[in-house]
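Right after this note come the structures.
What follows is subunit A paired twice: with subunit B in the first complex and subunit C in the second.
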Partner chain A sequence: MSHATAPVGGRILTKPMLVLLGLFGLAAALLLWRFIQGLGAVTAMSDRYPWGLWIAYDVVTGTALACGGYALAILIYILNKGRFHPLIRSAILTSALGYTLGGFSVIVDLGRFWNVWKVPTLFWKWNFSSILLEVALCIMAYMFVLWIELAPAFLEGAKAAGNPKLRRLAEKTLGPLEKAMPFIVALGLLLPTMHQSSLGSLMMLAGQKVHPLWQTPLLPLLFLISCICMGYGVVVLESALSSTYFGLPRETPLLRRLGRVVAPLLGLYLVLRLGDLAIHGKLGLIFTSGFFSVLFLAEMALFVTPIVMFYTEAKPKLGQLFRGAMMIVLAGALYRFSTFLVAFRPSKGWVYFPSVGETLITVGLIAGEIAAYIFVVKKFPILQSRPRRATVRRLGADVIDRLPIPSTAPASGD
Partner chain B sequence: MSFTVVKAQPGGELPGGEALTWSDGGLGRREFLRRACIIAAGVVGLPSSAAAKMYEETVVKGKKPSVIWLHFQECTGCTESLLRAEHPPLDDLLLDLISLDYHETLLAAAGKQAEAARTQAMRANAGKYILVVEGAIPMKDNGIYCKVGGKTAVEILNECAAQAGAIIAIGSCASWGGIPSSDPNPTGAVGVTGALKGKTVVTIPGCPANPYNFLGTALQFATFGTLPALDSKGRPKFAYGRTIHEDCPRRPHFDAGRFALKYGDQGHRDGWCLYQLGCKGPVTHANCSLQPFGEVPGAWPIGIGHPCFGCTEQFVGFSIAQSTTVPIENPTPSTTFAAVNSGGGKMGVAAVGVGGAILGAVVSAGYKFSTTLDAEEPSADEEA
Partner chain C sequence: MSLSRRSLLKGLATAGAGIAGLPAAGQAKELKRRPDDAVGLLYDATKCIGCKACMTACREANGLTAAERDGKWYDPQSLSGNAKNVISFYRGPKGEESFMKMQCMHCVDPACVSVCMLGALKKGDKGIVTYDADACVGCRYCQVACPFNVPAFEWGKATPKIVKCELCRDRLAQGKIPACAEVCPRHAVIFGSYTELLEEAHRRLATEPKRYVPKVYGEKDGGGTQVLYLTAAGIPFEKLGLPALGEKSVPSLPETIQHTIYKGFLAPVVLYGALGAVIFRNRRKSAAGGEEGDA
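After this line comes the complex of A and B, so read on.
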């Protein structure tokens, strides 16, 4: 590896960490209630809206946000852009956490969750025409692939640790793992391609229940393209946030290049999205659908603005990149929420909005995800180690404690 | 539909140039028979050209298939239902479509004369005649429980089957034993398949069997010398390929979960599904709902509000009590659909407030964070 990574170090139980754990604890209590009393006690889901926030956010949007690892892997391993490599480990970590959250949420969302073990095991009963089966198997498999991709970081951490037994085990495992890595990476490229597009196919099956502005045979392709965009967006957000909070070197030039990569992809999405509407003679619906027109135009605005931002400025600052990335992420999230919930109209007179319980569970699970991220980067070599010479920016000194410069950092990172 | 009344003299011509041999002031007789052939061909799923061929072979060329019809342990219900077939009526069937050389119910002859007719027909049409068996064959005590002309049923059956071109078992009794074979089966009754091991037997089960399923099979054999595709129990697939449940006119009620629970209750009066009353439709293979008996639509058990008895299915009809429900053979849609257009779902004010507040907080925090980044001086390392 050309770049050096090191654990960030520092105290684990900081104040923000306690807040995050508190939110997670609240979610855990609500989850307990959900498992004892059933879905109806906690959620606003109904016979006509059997998929609520947990599917629309945790699974569909959450795994798309977790596509940073996938999107970067395409760049690095398929397009051979090695210069993006410094970003990959933290992207894989967010991906692994995001997919784990998605996988866990599926179990929370299943009415008869105790049957879930049958999905991967009773393979002779698989229905190969089922998109849902493909999504379930792919997400489960990809979750494992991501943790295996991340394993070297943990093993390196174990090697650096004092325990000699652990060190010997890590030294033994690392070699074979590095050899197997190309195949695991290849699998890690295939699986998201399959299931991220299939998440779109799921709603294609809903037919006329989805508003015509969103219902199209291109749903799988649009879901795939937008998830890659969101992956890049999240990489930018995560890099900016972690470099700020952990006082690490900025990666602005790399993030700028990512902006150059994502802008044409956003353009491709728009061309396909609008071209599809034009071919099917549905352009008029953009202005005649009332509430759905507003929803659609908001989505378009969120997709168009980042392109403009990344192209009008020759050298956008990190703040601009951050706003652009936020918009990309919101655009993709809005597109997913629209397709799965807002523009999904199962029957006249039926409404759905996530209940307080549902929302708090999702918020708590995200808080847990962030807590896990902070824990892992502090303990294991995930982030770039070269300390930033500029003053460590501390947003609200009471929120984030000052972090020590890691002692394991090599003299030169380049 | 109305037919032109053609008054014609014997030997006269129809406008179409077709020779007319018989008319009673209604539909021409030959035209009538042509239609009979179309129906029979349609039943077996053959194209209309096959009907023309059937008509050509049987009516025009007069090559009528010889039929020997045996009666054993039965009630003659299958014959009775055949007598009531309207297309064609019995006289046309007997005089023009088939040559019924031996049939105990319809024979004019009696005693030794009748037996002579059978043996003579067998000799004249050896290897070509259609043997139809109605009724079960008792096997216990050397088959002494059913005798005709001093011979046991099994003896007569073996004698006739030896030179038959095709063997058709009509009705449930002949197919597997039917009522006579019900527990405790005192006579050891079996069906034709059980008595004639190793021979291809077409079974047309039913109590009684639908005459068109029989006619279609018989006329296909007479015209083409072939038999329709059969399932593992020897039943023609065109008639027994699907369950009653699959084509049941009450099926929508089943799917919607609307069941009659007692005879005469409101659901029963409203024509709801009879499954809970013990309907055997889900496991019974037959075409009763598609090919009405005696051309009277609805004249079958389910049509008149009685659950299916399962008469075409061995181990179901005459075996399982009428009130017993059976497992559903094929997966079916859920019976717990929400009502159409009833509306529902929850959208709490607090939920919207909390959701909106969280989204707003995250977006505004993100924006605020980005502005603090703007204020930052670009350092040397990030411009590298």
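After this line comes the complex of A and C, so read on.
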């Protein structure tokens, strides 16, 4: 099932790359300060807001943004829609990078990070009531799974490279890996199902501290559905951005189909979200909760708008798809930020707003993630190859959109 | 690659069953009971004069330093990395006044214990909620989960710990009682076995019903705590920072949901098997040339 993928090639140290690396360097310096002086020196977290931006964004939102691989795998391997296969490799790469960033941020966030090795190893100490334990073990395991799923790309890259030793190793490993892949893919579907839902369950333990518009036994289900939506959203964004940025052909027809897949899921989220409020007699809160009403309605608007966009437009252009996907991603992100931070009000008189330091660290880590993405797609066969870069650059975006690109197999000359 | 699907699934099922056998908590949750030898505190806000001798005694007994800000010493207003016990003052809209003592409530079914990954926080001897820094990774989930906002974190340290009242368990081991109860000049806070404390609280309510809000906070609240409270009539517990929690413990609902989904680890194993089977079938289909279905 090898679709034609190829390294994008080109210079690595471009100007944007230097900016990204600069931001990453700044974050590294701040991190050093955090490890010397403690969390209080860099962050705005407090005893009432023990989880801040790093948990809400880097871990909870970041890993949901990294669900592209998971969401696509459901389509391709479970629902057998092989036509989406051209999108999978870059989605897995984004997922692997996103989860790695999440994992790294956890280490940074943990007060007693030097004890973290005990979590996967001292199994006799495991507290099976702890939802966080399940999340932690699942995420660790899934990080491995993602990099293994991505390994063929690196091995193919190694095969193409000059070094004969590396080449032989790659040839030897690729075959068995291909055979084992279904087991790994199945694990790659099971683990996110478990921990993405459990990420929602985490806040059930915060009980009354979470505003009743967000506190519900449905948290796990809502987190699961919304992470799949966000996964599709990110696939659209990533495909649109990399085709533009690297001058590759667009995958608009495929992305359109994704839009049609995600719309009913968004609808399901809304039905469950509102139905749950109705059953618990909390619908009135939507209008009587002041600031939280605004927050809730903003979330609803972000979930509803892409559905309307994808249903009213028969053949959305890439730009429209991009905007719709952006809204899905924002919707899921807002839902997560609300549940973990904004609607989390442990006691009166305490507020949290991320400090400059912790924000710069998050920004720097994201910059590092993007830099790693650019490096990998330039060096390894991740993205679809079609030697039409010159054409693409000459023609405007709209023209490319109208090019008759077949919707199933890529029209590459491999 | 000689591993067949069946043998892998079998292995996984065995592993799953093995894991499932470990936790006794695998069953759906019932309301937990206090251990028979449970000890605790009874704080009677109507007796407290706000002298804060208990705060000083607590600091000394626990090796904590007094808080300093701008070169001045002051009493912390809330529990923190160097305050396991805090007395605060409340004045209501009608001028009604009360002191309030805050420390770990030593819940019967503590949220902090439920969420702690490696059991750094545990329900120990006599029902005391204890902390073991060796098993703590500093994730601070206990702080998120505690309905009383009790556990504190050492934000200013490179090697921080969770700080919270452990009912002076070192002193208990030496035959002493918790420092706060020992020094209180008015016996506003007393230490004892939970049963005796509850009896004493109800005796006070019965003898002077007009003096108190007619309820012992902690008897049932949040699944029950081992620290009990009495407050002056007209000053609701919530005003003093004790939330209205209902009679179920915070962990009871999420644990029931989580344990139902993951009972015996069966669902994940079955799901894995099903996913694997579907992937195999699809793969064979596409290999046979019958490409995908329609979107």
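Everything that follows uses one rule, which is that the second predicted complex is superposed on the first by the 386 of 414 C-alpha atoms of A that agree within 3 Å, B and C clash if a C-alpha of one lies under 4 Å from a C-alpha of the other, contacts with A are read in each partner's own complex, and residues count from 1 in each chain.
Convention: a residue touches a chain if its C-beta (ideal position, glycine included) is under 8 Å from a C-beta of that chain, and two chains touch if they have at least 3 such contacts.
Just so we're clear, the structure is a prediction, and the values are computed from it rather than from any experiment.
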{"item": "Combined model on subunit A where subunit B meets subunit C, clash or fit", "value": "clash"}
{"item": "Partner chain in contact with A:Tyr311 - subunit B first, subunit C second, else both or neither", "value": "neither"}
{"item": "More subunit A residues in contact - subunit B or subunit C", "value": "C"}
{"item": "Partner chain in contact with A:Phe154 - subunit B first, subunit C second, else both or neither", "value": "neither"}
{"item": "First, second, both or neither for A:Ser46, with subunit B first and subunit C second", "value": "both"}
{"item": "Touching partner for A:Leu330 - first (subunit B), second (subunit C), both, neither", "value": "first"}
{"item": "Subunit B versus subunit C as contact partner of A:Ser347, first or second or both or neither", "value": "both"}
{"item": "Partner chain in contact with A:Ser355 - subunit B first, subunit C second, else both or neither", "value": "first"}
{"item": "Which of subunit B and subunit C A:Gln320 touches, first, second, both or neither", "value": "first"}
{"item": "Common interface positions of subunit A, toward subunit B and toward subunit C", "value": "46-48, 347"}
{"item": "Subunit B - residues contacting subunit A, complex", "value": "337-338, 340-348, 350-352, 354-355, 358, 363, 366-367, 369-384"}
{"item": "Parts of subunit A lying in touch with subunit B, wherever the complex brings them together", "value": "44, 46-49, 237, 240-241, 244, 249-253, 317-320, 322-323, 326, 330, 347-356, 358-360, 363, 386, 388-390, 393, 395"}
{"item": "Touching residues (chain side subunit A, partner subunit C) in the complex", "value": "1, 35-41, 45-48, 50-51, 77-83, 109-113, 115-116, 118-119, 122, 125-134, 136, 176, 179-180, 182-183, 185-187, 189-190, 193-194, 198, 201-209, 217, 220, 257, 260-261, 344, 346-347, 408"}
{"item": "Touching residues on subunit C, where the partner in the complex is subunit A", "value": "1, 3, 5, 8, 22-23, 25-26, 78-81, 111, 113-119, 133-141, 143-145, 147, 149, 151-161, 241, 243, 245, 250-251, 253-255, 257-259, 261-262, 268, 271-272, 275-276, 278-280, 282-283, 285-286, 291-293, 295"}
